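Here come two complexes built around chain A, the first alongside chain B, the second alongside chain C.
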Partner chain A sequence: MPLLELQQRLISAIFQRDQLAAAANLVKTQGRLNSEQRVGIYRNSAHGILLDYLESLYPVSLELVGTEFFGRAAHNFIDQAPPTSPFLAEYGVGFAEHLAQLPALQELMWIVEVTQLEWARHAAWHTVNQASSDFTQLETLSAQEQAELRFQLPHSAQLLSSTAPIHSIWLAHQTEPYADKLSFEEIDLQTAEQVLIFREHRHLHQISLNHDDAAFLKAVQNQATMNELAEQFAEQLPWLFSIALQNAWLTGFTTTQPV
Partner chain B sequence: MTPNPILGCGIGLRFQHIDQILAEKPPIPWLEILADNYLTPGSVQQDYALEIAEYYPVTLHGVGMSLGASDPFNETYFQRLKALADRIQPAWISDHLCWTSAHGWVSHDLLPLPYTEATIKHVVQRIREAQDRLERRLVIENVSSYLQYQQSSLTEWEFITAVAEEADCKILLDVNNIYVSAFNHDFDPCKYLDSIPIERVQQFHLAGYEDKGTHLLDTHGAKVSDPVWGLYALALKRFGALPTLIEWDNQIPSLEELLAETHKAMETQIYAFA
Partner chain C sequence: MQNKQIITAALMAIGLSAALSVATAEDKKPETEKCAGIVKAGMNDCGANGHACAGKAAKDSDPGEWITLPKGTCEKIAGGTVVKG
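This part shows the complex of A and B:
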């Protein structure tokens, strides 16, 4: 049998349980294990590697749904969406959407939103570094440049608008004594939260934003010009701008039209 | 940057230990960087790898080249690996004599090859291409295995020897993997060692396995077992005191416990030559 066909049959068995027997035909029966059991070791091993990885990616989701439920959901996800890249860190992006389809979670969508937050943290951590703009150069802009002035969030920034208090739930499941940490029982699950996640050097920030800060950063993310920001936020703008700069929520600016 | 010499017993760099290593700079002879986790240019992960390489001799060890696959090589993977190697100047780059991708899917697990003359020809061509792309001679590692294909006509030691000779690459001999595969396929691990050409072996790996009753599973999640220490002593006598690395990927212990395993490896070296 050509190597290509042999490899396609074995990898199909790893990601499709009903292909185990077809792959077992390729394999010798030895000792106490028959050929199907031997192929099964590889299916279990590959799934185990990916399950461990998903558990490391979604530790709070794992705690919320329990090990058994998470494991079953993860194994189904792995079979439905096997990895297609050698870069493992790219895997797992669709796990929240997979959970959202499960009947058991239809009344618990806040868990899915926590899963989305955990992916946002992962994505922010793996975003490449960027240099910050020199904001003192703002003073040197011409009037025409100021009209087109737009600010930029960090490349790693993830702005999440959630119907549930995902930041508070996430904090409640951390062992570290965060200042704004509540116990899970103290959290009102009906409270919406706006969350900003971004990476600054080797530190991952996760902040629950108030309504005004969230609206300002959303407008910046949507590439509003300085004039549009002034119109939308009026006398609040200097304060919002100052807070954003102090907290490193803005890392750059441009005076060219967005592509 | 000139590669630093790789001597003695090192450890595999794991993310859980990086901050401690950078803060305390413990005397570790060398570190093996699991390349796949550090390949994104400009990422915080790669920053860590570059910083580690400022203080310690390093090698790059991959799991994603898929040297035995029939799929085309992943261009991005090789570009990034070459770029990282050019910056970090590892003493060498190693990966496994196996395949991890087919059908557009990636297993992220090390899958064995059929041991045939046709596979030797295929893998040799792939290793040569990989060496050309990376502009370096590769070091290939034997994997643990749990199955043998009907069509295999060669032993694993005949296969790896032929591949290394024809591709003119080096061998990373994983002593634990030899022991695990010997148990699973009922062959003599000493015969395996005695069949590998001495001049081809560059490095040893040691790790822990789990006894599943019906088979041994290479988990990298425990201390090196006594039988593997014994096989390592035999390997030292045949191949010499080559650089040795402790691999530990699951249930990762404290840095101190990991380093204690390297000390045990050094003691084994001393006794082997006493």
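This part shows the complex of A and C:
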């Protein structure tokens, strides 16, 4: 059998439970372990490593659903969505959507939203930092160029709009004494939250935004021009820019049309 | 307020915030130095020693691997050597 086919059949056995017996035909029985058990060692090893990784990626989700439930969900996820890249940091996207399909969580979608937040943190952390533009240069532009300006959030920015207070729930599960941390019992699960996550140098920021800041950043993310921002936010606009720049929520600007 | 006035006010706010950010960043920027010989495997800062990027140091306390430290710290650490440049 060509090596490539052998490798593909072994991979099938690792990530598809029903292929274990087929792959076992390729392996000899030795000692007290039959061929299926010997292939199973590889399956368990790969699943074990990926389960450990998913647990480290989604620690709050793990606490919320419990080790047993998380383990079952993770094993099914690993079979349905095995790694496709050699970079482990790229693995785990889509786990929230996998959880969203599970009947047991249909009435607990806030847990799925917390899982989405945990992936957003991971994705933001693994985004390359970029230098900020020099905003003092804006005054050198013509009035026409200023009206057509578009602004940019950090490349790592993740804007989440959730029906549940995901930032508060996440904080409640941290051991560090954050200033705005509430105990889980104090949190009203019906409160929607808008959350911004982004990386600045070696620091990951996670902020619960007020309605105005969230609407402003959403408009910026949607490539609204300065003129459109002025229409939408009127007298609030200078204040919104001040807050955004002081908190490093904006990193650049352009006068060119989006592609 | 007309759009033009709003944009002018917004640009003033941006200019002030940007100038403030630059001043703050300059105030806060500490003097640093590269310190070699004290780095744990996988915890080095930047490209050196035949590899291209941070976190690639293969063994502890390699004299060719460095991390950035506040100036004056390196000489206080056993095995630490300041890297020039």
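Here is the rule we use: the second predicted complex is superposed on the first by the 259 of 259 C-alpha atoms of A that agree within 3 Å, B and C clash if a C-alpha of one lies under 4 Å from a C-alpha of the other, contacts with A are read in each partner's own complex, and residues count from 1 in each chain.
The rule is simple: a residue touches a chain if its C-beta (ideal position, glycine included) is under 8 Å from a C-beta of that chain, and two chains touch if they have at least 3 such contacts.
Quantities reported herein were computed from a predicted structural model and do not represent experimental measurements.
> Mind checking chain B and chain C on superposed chain A, clash or fit?
Aligned on chain A, chain C clashes with chain B.
> With both complexes overlaid on chain A, does A:135 touch chain B (first), chain C (second), both or neither?
Touch partner of A:135: chain C, not chain B.
> With both complexes overlaid on chain A, does A:4 touch chain B (first), chain C (second), both or neither?
Touch status of A:4: first partner only.
> Determine, under the contact definition given at the top, whether A:22 touches first (chain B), second (chain C), both, or neither.
The answer is neither, since A:22 touches no partner chain.
> Should A:147 be classified as contacting the first partner (chain B), the second (chain C), both, or neither?
After superposition on chain A, A:147 lies in contact with chain C alone.
> Check the residue A:123 against both partner chains and state whether it touches chain B (first), chain C (second), both, or neither.
So A:123 meets neither chain B nor chain C here.
> Using the superposition on chain A described above, determine whether A:245 touches chain B (first), chain C (second), both, or neither.
The second partner, chain C, only.
> Let me test your reading of the model: by the given contact rule, A:50 touches which partner, first (chain B), second (chain C), both or neither?
A:50 contacts chain B only, not chain C.
> Tell me which of chain B and chain C touches more residues of chain A.
B
> Would you please give the residues of chain A that touch chain B in one complex and also touch chain C in the other complex?
none
> Going by the contact rule at the top, pick out the chain B residues touching chain A in the complex.
36-37, 39-45, 47-48, 64, 66, 68-70, 74, 77, 99-109, 111, 113-114, 118-119, 122, 146-152, 184-186, 214-215, 217, 250
> Could you pull out which chain A residues touch chain C in their complex?
On the chain A side, the touching residues are 134-136, 138-139, 143, 146-147, 226-227, 229-231, 234-235, 237-239, 241-242, 245-246, 248.
> Under the definition above, what is the set of chain A residues touching chain B in their complex?
Of all residues in chain A, those touching chain B are 1-4, 6-8, 10-12, 14-15, 25-28, 30-33, 35, 37-39, 41-42, 45-46, 49-50, 52-53, 82-89, 91, 125-129, 199, 201-202.
> Taking the touch rule as given, give the residues of chain C at its contact with chain A in the complex, in rising order.
1, 3-4, 6-7, 9-22
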